[in-house]
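Which chain is which? They are A, B and C, in the order written, and residues in each are numbered from 1.
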Amino acid sequence: MTEQVRDQQMLLDVKDLSISYKVYEGMLRVLQHIDFRVESGERIGLVGEAGCGKTTLLKTIAHILPIPPAVIETGEVWFKGRDVLDGSKASRRSIRRDVSMILQDPTASLNPTLTIRSFMGDILKNTPHPGSRAERKQRMLEALEKVSMPSPERVLGSYPVQLSGGMRQRVCIAMCLLKDVDLILADEPTTSLDVTIEKQILELLNTLSVENRKSMVLVSHALGAVRTMTDRTYVMYAGNLAEEGTTAEIFDHPAHPYTEGLFEATPKLSGEGVSDGIAGELPSYLDPPPGCRFMPRCPQALGVCAEERPGRFRLNESHSVACWARETGRVEEEGNP
Amino acid sequence: MSEAAAREKILEVSRLRKEFQTRQGTLVAVAGVDFAINESEIYGLVGESGSGKSTVGSMIVGMYGSNGGEILFRGEDIDRPAAKRSKELKRQIQLVFQDPGGSLNPRQTIRQILTLPLKLHRGLSGAALEEAVHETVEKVGLPRSYLDKYPQAIGGGEKQLICIGRALAPDPSFIVLDEPTSALDVSIQAKISNKLLELQEQLGLSYLFITHNLCLVRNLVHRTAIMYLGQLCETAVTEEFFTHPLHPYTQMLLASIPVMSEREEAYKPTEVESVGEIPNPIHRPDGCGFHTRCPLCMDRCKTEPPVMTEVSPGHYVSCHLHANIAAKEA
Amino acid sequence: MPDKLTEQGRPRLDRYKRQWHKFASNRLSLLGLVVVLLLIVLAVFAGKIAPYPEHAGLYLDFQSANQGPSLQHIAGTDEYGRDIFSRMLFGLRVSLEIGLLVLAIGVPIGVLLGLIAGYHRNTWIDTAIMRFTDLFMAVPPLVLALVVVAMFTPGFFFAAIGIAVAWWPWYTRLTYSLVTSLSNEMYVKYAELSGAKSRHIILKEILPNAISPIFTKMSLDMGMIIIIASSMSFVGLGVQPPAPSLGSMVSNGIKFLPEFWWIPVFPALFVVLIVLGFNLLGDGLRDVFAIEEL
């Protein structure tokens, strides 16, 4: 949890976003009515398994979603007061300048035929004050030092293939720093790394985001990482938001049956045995059920769950859940924060 | 503990070594490893990249032979590639890989995929073959309708179930599982882990379960071993391993796992910071492979490789510090 | 996205349907397919479609010689009064036949050698086969074909043999690299570990996964083979007169430029059309097979 004073300035506000993909068999309804917000300086966790739509959401925010075959059915994405989806050059530029994405596989993000100096140089040359060559080099070295990179000089002259996975990921993070972005989107940044390195990288991300007051969205299936590094968490299932709240609330009092099932299915260091997992499988996205998408697998399903999509119910001021079984009184309409 | 000692050993590995020649030099993947697995036991082998755990599994399964040491399967020396092994041996030892997508031929139906081991290892044909194919797919909990599908039509978890079925089809006694659930989602991992446990109990199988996921191992395996840079650092019964980790690397690894509850935090050693990177196995440090990152490194560690010592019944550590302690107490 | 879409009915049929959809979504590939199908129809039914089928052989009618394109002769007539359009159709048939014959001879030999060499890579078999292949590849295809023809007699059959001799090495190379990379697939390793016989591994595990790129290459090659065959007849070592051949029609017709331009130009354009059709088709196939399933 952070002690920073949080300004009320909403950095990112996703409203009622629904996205589908056009495929041979029809339309895959990948995201349904997602509301998602990030305030300045906040660290947000996004939890969900494969197919839940978290990568699609991030790509939409980062403006790298391939628009055909993707189709934006409804919704808006506001970033720093600007509608990102309006297609204008200005909004694209705004995103490119102030948002950075760290991908799961650092190898894929780095062109193997260019040296690290080339990447970092390109970024610096496109900032408002590129400076001289010597100044740029200085800034590159500083960025590498900030990410605790051993032998930064040598690294600058290396090609990505000469660096280890952990070092490549540090380079990606350093590139974010160079760009001086406002929002870092980290999509499973440590999944391809070893556990001991993972810890170092997560700590690094944490420090940087806190120290430099950068907002961060951390997508990770390593629930422990989300627990220790985020202020608020969203849980997604099959393209829908299952629940959201402060991280402490979500982890200590998970409300959605999916979240409960997910936490229970995660093997624990305390040795509680192997859980049964969550029975069933993801629903079809082509022909989704009219009601709650989790219903076929839900141990607490009610009759209404099959017929109508649950709205968001507020459990307390820091926790809301989209589940009929937790209905405490619908406070908000779909689509309004 | 005496129970464990009295059980028969299904697999014994001694001083196992494997080197690979690369352009930059000799890569020592496995640098002298000793361990044993009992009948009907699940043995977990944990390690990060470069630890050599997959190489150990590959040698046991017969992908290639070793460069030193021996592997005994029920007393029989099996240290050679599968092509040189007897049919019976090939039947007894099976393998489940990490990537279910890559382990199944996209141009074959599930039926064809399951038919191969049944034909090769059990010599079945005709009606008996068909029945065995049905039995296999049912044993892993999948419907018969899956038999005529292609692998691309089924999900990752189910593909892995097919791989497990394929490993079970020959009626083996020992299965090497190399990261069988790492490519799957948590909720599906649990289902697969469950299935594996169920089958192991039902059929009395022995598993060598290779993974980097300590939490998984904590809940799934009877005994745990940890490898670093080709050496076995520590091994013990799982409960003991996790409640009293001794090797500094084990402690560092445990301290690094992100856990999701306070209750689990209590199980993490607190005094150990994670520092440094895993060295390139081509340029292995002398002495103890871990000494470059070890907070308790002594002079001896830099030059002399440690030896596996039993520090308490069933609990072995490969570390000079703990060998000293054990010697003093003896 | 869940990696399982609802599949009804037979899985293989579904796969073909999906591949067709992917292929058909590219206009150019469809165009290529249409062109090739059209050419096949024209070639097979040349006898019925050609307005003057008898002009395909020996025919003299100096009254009608060197007439420009008209309603009776869409592509005009040549110096012997023969209808060029009819001759083009029969020439097309000859070109396609040569292409098919070359592939029928060259591909099985090339692929077989590639399979054997690839499966036994890093042994003497591999070295022997691949160095032998290199030898043939060192000579330009046209030259090699011409040499073969010159050793025997010029004509349809030996032209095809000649080109096949020049062509098989490319299939060996392609198959070799496919086999080598496929051998690293886990399912192949599994079959090896289980003790499956080499024959099973090569034919059942590896080959089905290698077929697609081979087919693509065959389609892309048709165009090139036809050009080479035409070049051979251009220099007189291919199909011999009076049998019609697009290449010789062009070479003989060149001297009539620029007045009787239609004599070489129409056959030349036709060659372009044929090659384009096969190339587009081949490109389309390559795109379809490039990314397998979801």
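Here is the rule we go by: a contact is a pair of C-beta atoms (placed from the backbone, for glycine too) under 8 Å apart; a residue touches a chain by one contact, two chains touch by 3 or more.
In this text the structure is predicted, and so the values were computed from the model without any measurement.
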item: Greatest separation from subunit B - chain, by CA centre; value: C
item: Contact-richer chain pair (by C-beta pairs counted) among A-B and B-C; value: A-B
item: Separation of subunit B from subunit C, taking each centre as the mean of its C-alpha atoms, in whole Å; value: 51
item: Interchain centroid distance [CA atoms averaged], subunit A/subunit B, Å; value: 33
item: Sequence positions of subunit B contacting 2 or more other chains; value: 155-156
item: Touching two or more other chains - residues of subunit A; value: 281-282
item: Sites on subunit C at which at least two other chains make contact; value: 2-5
item: Of subunit C, residues touching subunit B in the complex; value: 2-5, 7, 10-12, 14-15, 185-187, 189-196, 204-205, 208-209, 292-294
item: Footprint of subunit A on subunit B - complex, ascending; value: 48-49, 155-157, 185-191, 193-194, 197, 212-216, 218-220, 238-239, 242, 252-261, 263-264, 266-268, 274, 277-278
item: Parts of subunit B lying in touch with subunit C, wherever the complex brings them together; value: 61-63, 82-83, 87, 90, 95, 97, 99, 102-109, 113, 116-117, 120-121, 148-150, 152-156, 166
item: Residues on subunit A engaged by subunit B in the complex (per definition of touch); value: 49-50, 150, 164-167, 194-200, 202, 221-225, 227-228, 251, 261-263, 265-278, 281-282
item: List of subunit C residues in touch with subunit A within their complex; value: 1-6, 18, 21-22
